[in-house]
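See the structures that follow.
Next come two complexes built around chain A: one with chain B, the other with chain C.
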Partner chain A sequence: MTEYKPPPLPSPFTHTTPPPTLLTQGAEAHLYKTTYLTPTTPAALKIRPSKPYRHPILDRRLTRQRILQEARCLSKLVREGVSVPAILALDWEPQGQEEKDALEGRAGGAWLLMEWVEGLVVRVVLERWEGWMKRNTQMGEEQRKGEESRVRYLLRRIGHVVGGLHKAGVVHGDLTTSNLMLRPTAAGSSVEEDGGNPSMEGEVVLIDFGLAGHSNQDEDRAVDLYVLERAFGSTHPRTEPFFDELLQGYHEAYRGAVSTLKRLEEVRMRGRKRSMIG
Partner chain B sequence: MIGIGMEGSANKLGVGIMLHPNDGSPPRVLANVRHTYVSPPGEGFLPKDTARHHRSWVVKLVKKALRDAGVSVKDVDCICYTKGPGMGAPLQSVAVAARMLSLLWGKELVGVNHCVGHIEMGRLITGSTNPVVLYVSGGNTQVIAYSSQRYRIFGETLDIAVGNCLDRFARTLHISNDPAPGYNIEQLAKKGNKLIELPYTVKGMDCSFSGILAAIDGLAASHGLGGQGKDDESNDDDDKPTRADLCFSLQENIFSMLVEITERAMAHVGSKEVLIVGGVGCNERLQDMMGIMARDRGGSIHATDERFCIDNGIMIAQAGMLAYKTGLQTPLKESTCTQRFRTDDVFVKWRD
Partner chain C sequence: MSALETINLSHLPASWPVHVALYKDVKNAPFLRQQLISGNSDFEYALIDASMILTRTHVLSAVFRAINDYTNARLKSRNIHSEIVFSLSPANNIADSFRKFGITDSTKDLLVVKVSVTPEITHESVATHLGASIEGSAVPFNDETLVATSDVAKIKKAYKLGGLAPTPAKTNDTKNHERQRLETALLGAIALRGAL
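Take a look at the complex of A and B:
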């Protein structure tokens, strides 16, 4: 088995000092942390490397289509005032790499440079909270209620953001708690921990629009909500009872919520997986 | 322990005999016989004709398997048969035959999930321990990974199976169904080189093939390439695609989709091994593409050849015997079959 080697960085990121650091590698993209214009302005670099297993024409078509789709969704959401990272720059066919890539048997790929979002993903915040709750079994009724109301408030804010997203005519396509971030508000040092109990203050920011698209159909919006509901159910079982709070927030932020929520009932009944035929 | 496996969920009738040595050494294949119902070009196999084929061949195949294996009836411990999923009539024919043998010989029955059979046989032959499994055949398209006693489906087709898409396009072109339509498409695709744009329909870890089939059928019709007696590699106009180009483009497009969803599942579960099973898994282009993807992730691919990829009896014996050893038996009363039987419905007691 060969050791994994990430694909080469596209130009101009080959000359960045310090070099971008790899944060995560998904199936589709690699996420790096780098800087933009000044060495102290952090930025997130998402690279969609070319896939050598695909026919070059198909590969170019898909890579270009997807990076542009993601960028269009993000720029629209920024205009509409939804909290998402802003786009700084992008290229769907990086130049100056052909020769080097031909030698290594891989073409460049496309990249998208985005505003850096500080803070933690909601998945981590909730995992820490659940861990903390588990360790503190003998808390009083009042304290437990207080803890629950913090989570409720967070879920309501998530609902607001998702409502705003759908109001703008965009569906996310992969709404999980890993794609929601909690950015500390500028005013205070909010994301601090109190003996392992995480702060839930801050601004909820949606990230990773790799599977997003424009849609005005209740079905697509309902599936977004369903995926999110399942993510809460499977990853954060303790928070599941409060999911209604999220839907409440969604309702407050988005006027078309009534028909979407009705559709959500249907999607729930159907499940994503029906019994297989044949 | 010796088990007989009987498979007939589609147009292949297979009987296999497996030995699981009592000393714990690796299981051995004692016999693997198969007979395929081949329909004429331009036609698919109909359930009633396929069932008739299975009924008229099953006794011959069981006898041949016993002869090949050199075992007698008294050595056999259990009879494993395909409970589903598959076509109703062919499944029933084989279930009836299995019940008959069970009563005649006084042996226990074990009903097996066809998909789990493929997975267990693939694991045995390739020696891969915990891979992400791509199961692709004429009736199924699933990306599967094991987790706490179940083979969980991470992605699957939303409509027709990938093999069904290939088979039906072979019908449009009147390509021979012997030995298999997909095999003949693969050979024709090797002569194509022009990539035609087709819909690319991946949704998360799921995919869809019916729209692609409609699109390529439409292209074949508009270029006058459907039907029989057409030249495979040329067209009266040089700018137009040939039949070979269509096969090439179809394969490139749908296999890219399969590799993409497999890669997503690998990233999701953090696995570096891929196992390809099912009839379409024989396709060398698919194996190549999957190999490149796995290599780039620092992983490896496991695939088998037509003896094990295409439906067979030993895979049913293998999965059935694993279950039988954990105490599972199917009483006569419950020895039914079903067209719908999801991979994740099976409780996998034999793995940690």
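Take a look at the complex of A and C:
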């Protein structure tokens, strides 16, 4: 098998020294770590490469629409004070690098530079915690209570952030514990681990707004919560019993929570898709 | 005795350094503005009213955007230096961006930016020309100086961020934190200009 080669970087990242390092890739985008303005300011670079199988005009329009949608949501949330990565720079139609792209009028994809968020994704934090709990089954009642209250507090903070997001009129579209990060607050208070038991201190930050959009419908907000609930159910079985704590936090942060939670009951009965199409 | 700083911005070609100088108490603003209006090519600079600049990152973001637009051949204004002033603006009106962010006859504190788009433009050549042309006292281009020169209310107004939601007062360093929040909002506005 040939080694995977990511698509060429768009301008201006072709000159970048050292070159951006690839972190992950999804179906639509590649995520790199690089810098912004100065070599000491880390930044996350999200690139939506152009798709050669699409018609160039359609390709450009879709890529542009999607990167702008994400950037607009982030920009709005920054203004509203929701903790998300800030937008640093953006280009929705950089020049293609290859001559044939230029001939076809094809853009070299689109990119978005964002603030670098330190810390771990909540999925990893909870996986480590659950692993640790599993290995320490003989802990005393009191210690177990203490551990549970740490997790409850984390879930409540997650609820606050999601509530803040919905209050700002934005829905995430793909809320999972992989799209929530825990950023260590004070410098130096890094993600201290106590024999494999992760710290749960820090600021909860929402990431990856690739599927986000503006919405004022209970349905969309309820689906956000439902998807998150399912993510807990499938990946964090020991944490799921505390999901109510998250909803409690949501309620505290967002006034419209009552009707959204009512709708959530309906969504639970029937699943994420309301219309049976597609 | 110039305080001209030469900066290489990440991702941009190393052959294109950016020269930046900050002056206080500039005496000849009307003269400098006249050179721009008459199109005197010796005075091809981005001449920015420093009261409209919050931080280093703020202005360097506009420079980054202007150079990126230049390398992609889609300048909206006459040259890369006018584009820097225009890039500071969150709106698409070029004349308006100059009124708000560019030098005016009453400008006291002035930020000058020059990009080395050709090899003849060097740190020395820019420093010499600025030293001879600008009647003002050179001060270091850093965030501490900009705290004193920036007019936060005016900046908020230009970016329509008057209603910027205050952050929950968790940190004890609220003042600094507010500035940082405002800065991130400005960067978003600069990056998204023209995205309709």
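The rule is short, and it goes like this: the second predicted complex is superposed on the first by the 256 of 278 C-alpha atoms of A that agree within 3 Å, B and C clash if a C-alpha of one lies under 4 Å from a C-alpha of the other, contacts with A are read in each partner's own complex, and residues count from 1 in each chain.
Basically, a contact is a pair of C-beta atoms (placed from the backbone, for glycine too) under 8 Å apart; a residue touches a chain by one contact, two chains touch by 3 or more.
Please read all numbers here as calculations on a predicted model, not as lab measurements.
Asker: For A:L62, decide between first (touching chain B), second (touching chain C), both and neither.
Answerer: The first partner, chain B, only.
Asker: In the superposed arrangement, does A:G196 touch chain B (first), chain C (second), both or neither?
Answerer: Neither partner.
Asker: Can A:A27 be said to touch chain B (first), chain C (second), both, or neither?
Answerer: First partner only.
Asker: Using the superposition on chain A described above, determine whether A:P52 touches chain B (first), chain C (second), both, or neither.
Answerer: A:P52 contacts chain B only, not chain C.
Asker: A:R72 in the overlay: touching chain B, chain C, both, or neither? Say first, second, both or neither.
Answerer: In the superposition, A:R72 contacts chain C only.
Asker: Kindly classify A:G146 by the partners it touches after superposition: chain B alone (first), chain C alone (second), both, or neither?
Answerer: neither
Asker: Tell me which partner A:P19 touches in the superposition: chain B (first), chain C (second), both or neither.
Answerer: neither
Asker: Can you tell me which positions in chain C touch chain A when the two form their complex?
Answerer: Those in contact with chain A are residues 9-14, 57, 60-61, 64-65, 68, 71-73, 161, 164-168, 181, 184-185, 187-189, 191-192, 195.
Asker: For chain A, which residues are in contact with chain C within the complex?
Answerer: Touching chain C: residues 11-13, 15-16, 34-39, 41, 68, 71-72, 74-75, 78-81, 86-95, 115 of chain A.
Asker: Enumerate the contact residues on chain A facing chain B in the complex.
Answerer: Those in contact with chain B are residues 1-5, 7, 25-28, 51-55, 57-58, 61-62, 173-174, 211, 273, 275-278.
Asker: For chain B, which residues are in contact with chain A within the complex?
Answerer: On the chain B side, the touching residues are 85-87, 139-140, 153, 156, 161, 164, 195, 197, 200, 204, 252-253, 256, 259-260, 263-264, 266-268, 272, 288-290, 292-293, 295-300, 339-342.
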